[in-house]
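Below is one structure, written out as structure tokens, with a few remarks after it.
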Amino acid sequence: MIRAAIVGASGYTAAELIRILLGHPEVELAGLYAFTKAGQELTRVHPQFKDLLDRTLEKPDYEIIGKSADIVFFATPHKVAMNHVPTVLRGKARVIDLSADYRFDDPRVYEQYYTKHASPDVKAVYGLPELYREQIKQARVVANPGCYPTAVILSLAPLIKHDLIELDHVVVDAKSGTSGAGASPSERTHHPLAGTNIAPYAAISHRHRPEMEQELSKLAGRRVVVHFTPHLIPAVRGILSTAHVFLKKAKTQAELLDLYREFYSREPFVRIRDELPQTNQVLGSNYCDIGLEVDFESGRAVVVAAIDNLTKGASGQAVQNMNLMFDLDETTGLHLPPLRP
Amino acid sequence: MIRAAIVGASGYTAAELIRILLGHPEVELAGLYAFTKAGQELTRVHPQFKDLLDRTLEKPDYEIIGKSADIVFFATPHKVAMNHVPTVLRGKARVIDLSADYRFDDPRVYEQYYTKHASPDVKAVYGLPELYREQIKQARVVANPGCYPTAVILSLAPLIKHDLIELDHVVVDAKSGTSGAGASPSERTHHPLAGTNIAPYAAISHRHRPEMEQELSKLAGRRVVVHFTPHLIPAVRGILSTAHVFLKKAKTQAELLDLYREFYSREPFVRIRDELPQTNQVLGSNYCDIGLEVDFESGRAVVVAAIDNLTKGASGQAVQNMNLMFDLDETTGLHLPPLRP
Amino acid sequence: MIRAAIVGASGYTAAELIRILLGHPEVELAGLYAFTKAGQELTRVHPQFKDLLDRTLEKPDYEIIGKSADIVFFATPHKVAMNHVPTVLRGKARVIDLSADYRFDDPRVYEQYYTKHASPDVKAVYGLPELYREQIKQARVVANPGCYPTAVILSLAPLIKHDLIELDHVVVDAKSGTSGAGASPSERTHHPLAGTNIAPYAAISHRHRPEMEQELSKLAGRRVVVHFTPHLIPAVRGILSTAHVFLKKAKTQAELLDLYREFYSREPFVRIRDELPQTNQVLGSNYCDIGLEVDFESGRAVVVAAIDNLTKGASGQAVQNMNLMFDLDETTGLHLPPLRP
Amino acid sequence: MIRAAIVGASGYTAAELIRILLGHPEVELAGLYAFTKAGQELTRVHPQFKDLLDRTLEKPDYEIIGKSADIVFFATPHKVAMNHVPTVLRGKARVIDLSADYRFDDPRVYEQYYTKHASPDVKAVYGLPELYREQIKQARVVANPGCYPTAVILSLAPLIKHDLIELDHVVVDAKSGTSGAGASPSERTHHPLAGTNIAPYAAISHRHRPEMEQELSKLAGRRVVVHFTPHLIPAVRGILSTAHVFLKKAKTQAELLDLYREFYSREPFVRIRDELPQTNQVLGSNYCDIGLEVDFESGRAVVVAAIDNLTKGASGQAVQNMNLMFDLDETTGLHLPPLRP
């Protein structure tokens, strides 16, 4: 059994990790760590787990965690993991960081969007299995992708890899449910305001943008700018990303769908659809559904990806990465059919 | 023109007051007062009012407010008004308090459910026009009813006044949208949790219960216990109260509807419906819609009332009271047809 | 492997059955049957199952189904099963009917609330494992309970069994998400109207009422009237039932909680909570969470039960029954931790 | 008093017209006409109007309507007005058509997106007051703009008029609440599916696209292609349109905001905001709120517009047009402060 520890256990990505790992046949939940909620019963913080997991949240001692756990999930806000992963790595544990701390090849990008990096020398693999499967298997530290980047990179990788689109006019307009904002109440997620609202935010400089750009630029072999704008809408789970891109050469919808089907032919969690996807087809599952339409006359392709932000967009993908790291079938514990309705 | 001041201008009942008073032909919004948000532009706190009202929120000086305003609305949390109304009353102003501070005839009840009362000698009229119209006209201080009590008292008054029901088995089960929880974010109104949730709260001892009991007991001429349980559901506006009561003598639905129609025949804001009401028929308006069904065999009557908690349940009713106090047509400024959808 | 057939595969309870059975290690989905949608791909009707189940919906031939399947789930509207179960039973198959057709001991009750019964001689066991576990194991036909009755019976059984409450004043006020209304669009589930609405319906004579009364009366040993009123609220999944009952003798909350814990001590899917439950703690799972509060002074107990109407309220319970019928561990395939958020 | 008739009175834009006109001091609601619901009480179809308007829906006789009404609102589905407006025009009435029938200068465009036009010779003015105020005043027939075009045209007009953006890469991604889908229930607006969903639709060829292109092309003086994709999200009211455009010359956010403030300086219903707008700031009102951000480095401007689709996106704008046609103050009856929350 793989002994798994979760740091930041009071948050939503931790809750989703626990939901998934409770059904994972090869994992034992070894320790749940929190900060202000240390000392509380897990079921007080996440009442859904009553009778499923009887634990008290503990204050983390990273030295001990690194020695006793096989895998440590950092389900923490940004700026936590970078201070403690080096300590964990002194033990035997491997690490999957669900925060942004190790996602950037260049620590200066991290510094620009977040803060000065505390452990820039730690080497991590970007945990998108569809692009880095082999490297993930060998990684000591995996940087689990952001929710938006997961949807956006998967929806654009085939087009960019095949050099089919104008790279200076890549527009991505994304919509997210409110669970992406995390467990801390705030005015923007206050139900009386959020319950009927459509709200753009971080319209030109969302922190997930450099992450997409880094990965898509590597695929393109040159710098890609992603004109990215996210919106908060009154659903709880789900991200829909709508990429508007301009084809360099005329292609039909059928040709592009073939290309996507080929590109993702061995992927267990990417489903290419004949029609544009909707989030209610993926909720609760680890799927990324992708569909597209082509405006042949104008040369625009619309590529839409739908994920559950907490699953493929966070914790499901983290478990997928863990499976790869421990040489398990990649889908172990991830047979989670979507709930619809 | 009536010069109106609003204390507690950053909250939702204040926003609703402003929405209504902007269309009131006899009122001038003289001062908007806040505490932690004093000094901010109104439109920063309530962005909907851009171009409609250009004001800065001020710190209240109750002495001055009492001298300069004709009517002062306390749209404050409980325990504020009781400390400052006496100061306001030294001036010429009259007061409508939307908090609970002056709703109880007996200050000990207030003390039991809230705190020790700071100004128990201030005399106030309970601001339910359907019961206290004449007294409201003369009142210096009106205690605007709570949102639940408005729905519950109006839905039960005819039955209790006519001594038609068993007074020891009055069960009222109420459901409210989240705006009733106010403008301060908290876990229970955090959209990721509240957006799909049905949550009972204060199941046996909600603070609005003694208020209903006080008024219904006066109507009955003896003590009425209201077995009251409210629930939070994922709508923003709207309260539906469902009263389950047992008839002392057999009555048909038609007979009871006639009774209600007669009881409320002169009321501009109570609509008796042939069918059970739904909240989407009253949102944005000052109406209280009431309907009922009778289970003839078992002797139960189900009386349902629907209101917009911010309008008839708070600010609309406050304006209705103000109209009475200033001898205006009671409906002035309250011609607010419901929005459906 | 148990060969399972589902009749009525285009509906929501069928979708939930498929979601659960896809993860059931002992079941093979043998046939999916539909009527107007026969001939369509499953994934056209339920797009969430792409890559998970590749099937075409077929027109049912009940003779063949009865011979080839081990278990037949009728996930059909009322009035379908009663016409075809006798044919199915000529084969070897056993039957779990998720509709109301076989829930009543007395076919005259069915006739009163639905229609004249076409096969009143078929004997079925009421499929609430907490009450009828042993009978279910032996049953040829199981009548799966309605969603509301599941919550209501489980929440009241301990009190009634122990004769603790007044049986003539049992009030149950229930709230349901819209998925309970089924897959057919109608005005009452049209999002522009339902999305902000709180709506009572069938306030005195809901079809689930005689079902609760039948079972609670058997427990009481005499006729129990349930004063039941349901409401539709703007959530998709989830039922919360709030029972307001009057204690014959004074009991504390702690005493009653002990009683409930004892009563359900061996039940894998009933969780007794220290606090009142909320639906967001059970969504996607087979749990029925129960909590209660006692108003000692007035003698009222408020007993609240929360279920996912599609899971414990329908398809999860059906699988629980199937497990019992085929001598499997009762929880097989039902390790479905709730999704929260 | 202006005598107003509404054809198509059972729909949502008609309900919104009635809501507004009930408060309009110069209008008398002369006749409400419907088709399948003719003969029904208005309050059976729109229960919110109980006690506000006591009318029976009538079958339309266009000859008589044209003679007796001063203004006829066609709040009908597409393809109705074009068959009957010529008859109405034989009388004295003027017409505001809320459908698409008269929005296109070139009837071949209508034919391509809808059907062959039955009355291509009727001349209509496009009813966007911000662009066509003087022509509207003189018009016999006004074609009220679509909901999406209202938001999109207003958000792009200043940039296009001043030739500031690349016209071959205008991307507009829009999000709408479900009331835009109208009053007829369907699977896409069925609450169990729509209540948690984010769904793109008509991604390359929505019917509102040629309407935007027609108007923006006229402003540009040459053909503008709008790369338009709408989405349905789980709110009831509100449209947010997000335009992603590329500046021909570097401009700061402040420069562009100045340009917008200047362009709309005399407009009563366009509010230019310092921050990006959200729909909860305009619901229930006739405002179009616009804000923008500039990504100086990449040259992209993001221009966001928020409207209530039923008000400025339909019926509020229709009343604004009527006011112009009858030489009233343009804001008469439209003092509708937004509801927030």
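Letters are used for the chains, namely A, B, C and D, taken in the order the chains are written, and counting of residues starts over at 1 for each.
The working rule: a contact is a pair of C-beta atoms (placed from the backbone, for glycine too) under 8 Å apart; a residue touches a chain by one contact, two chains touch by 3 or more.
What you see is a predicted model, and the numbers here were worked out from it, not measured in a lab.
Q: Do chain C and chain D face each other with the same patch, meaning over half of the contact numbers show up on both, or with different patches?
A: same
Q: Taking each chain's centre as the mean of its CA atoms, which one is farthest from the centre of chain A?
A: The chain lying farthest from chain A is B.
Q: Averaged over CA atoms, how far is the centre of chain C from the centre of chain D? Could you give it in whole Å?
A: The answer is 46 Å.
Q: In angstrom, rounded to a whole number, how far apart do the mean CA points of chain B and chain C lie?
A: 39
Q: Suppose each chain is reduced to the average of its Cα coordinates; what separation in Å results between chain B and chain D?
A: So the centre of chain B lies 36 Å away from the centre of chain D.
Q: Two or more other chains in contact with one residue: find those residues in chain C.
A: Residues 12, 177, 179, 192, 195-196, 234-237, 278, 280, 340-341 of chain C each touch two or more of the other chains.
Q: Which word fits the touch map of the chains here: line, ring, star, complete or other?
A: Contact map by chain: complete.
Q: What does chain C use to touch chain B in their complex?
A: 169, 171, 173, 175, 177, 192-193, 195-201, 203-205, 225, 227, 229, 231, 233-240, 242, 244, 246, 276, 278-280, 283, 293-295, 298, 300, 302, 304, 306, 340-341
Q: So in the complex, which bits of chain D are touching chain B?
A: The touching residues are 12, 15, 18-19, 22-23, 46-52, 179, 196, 236-237, 271, 273, 278, 280-282, 284-285, 287, 289, 310, 335, 337-341.
Q: Which of the residues in chain D end up touching chain C in this complex?
A: 12, 177-179, 181, 183, 185-187, 189-192, 194-196, 234-236
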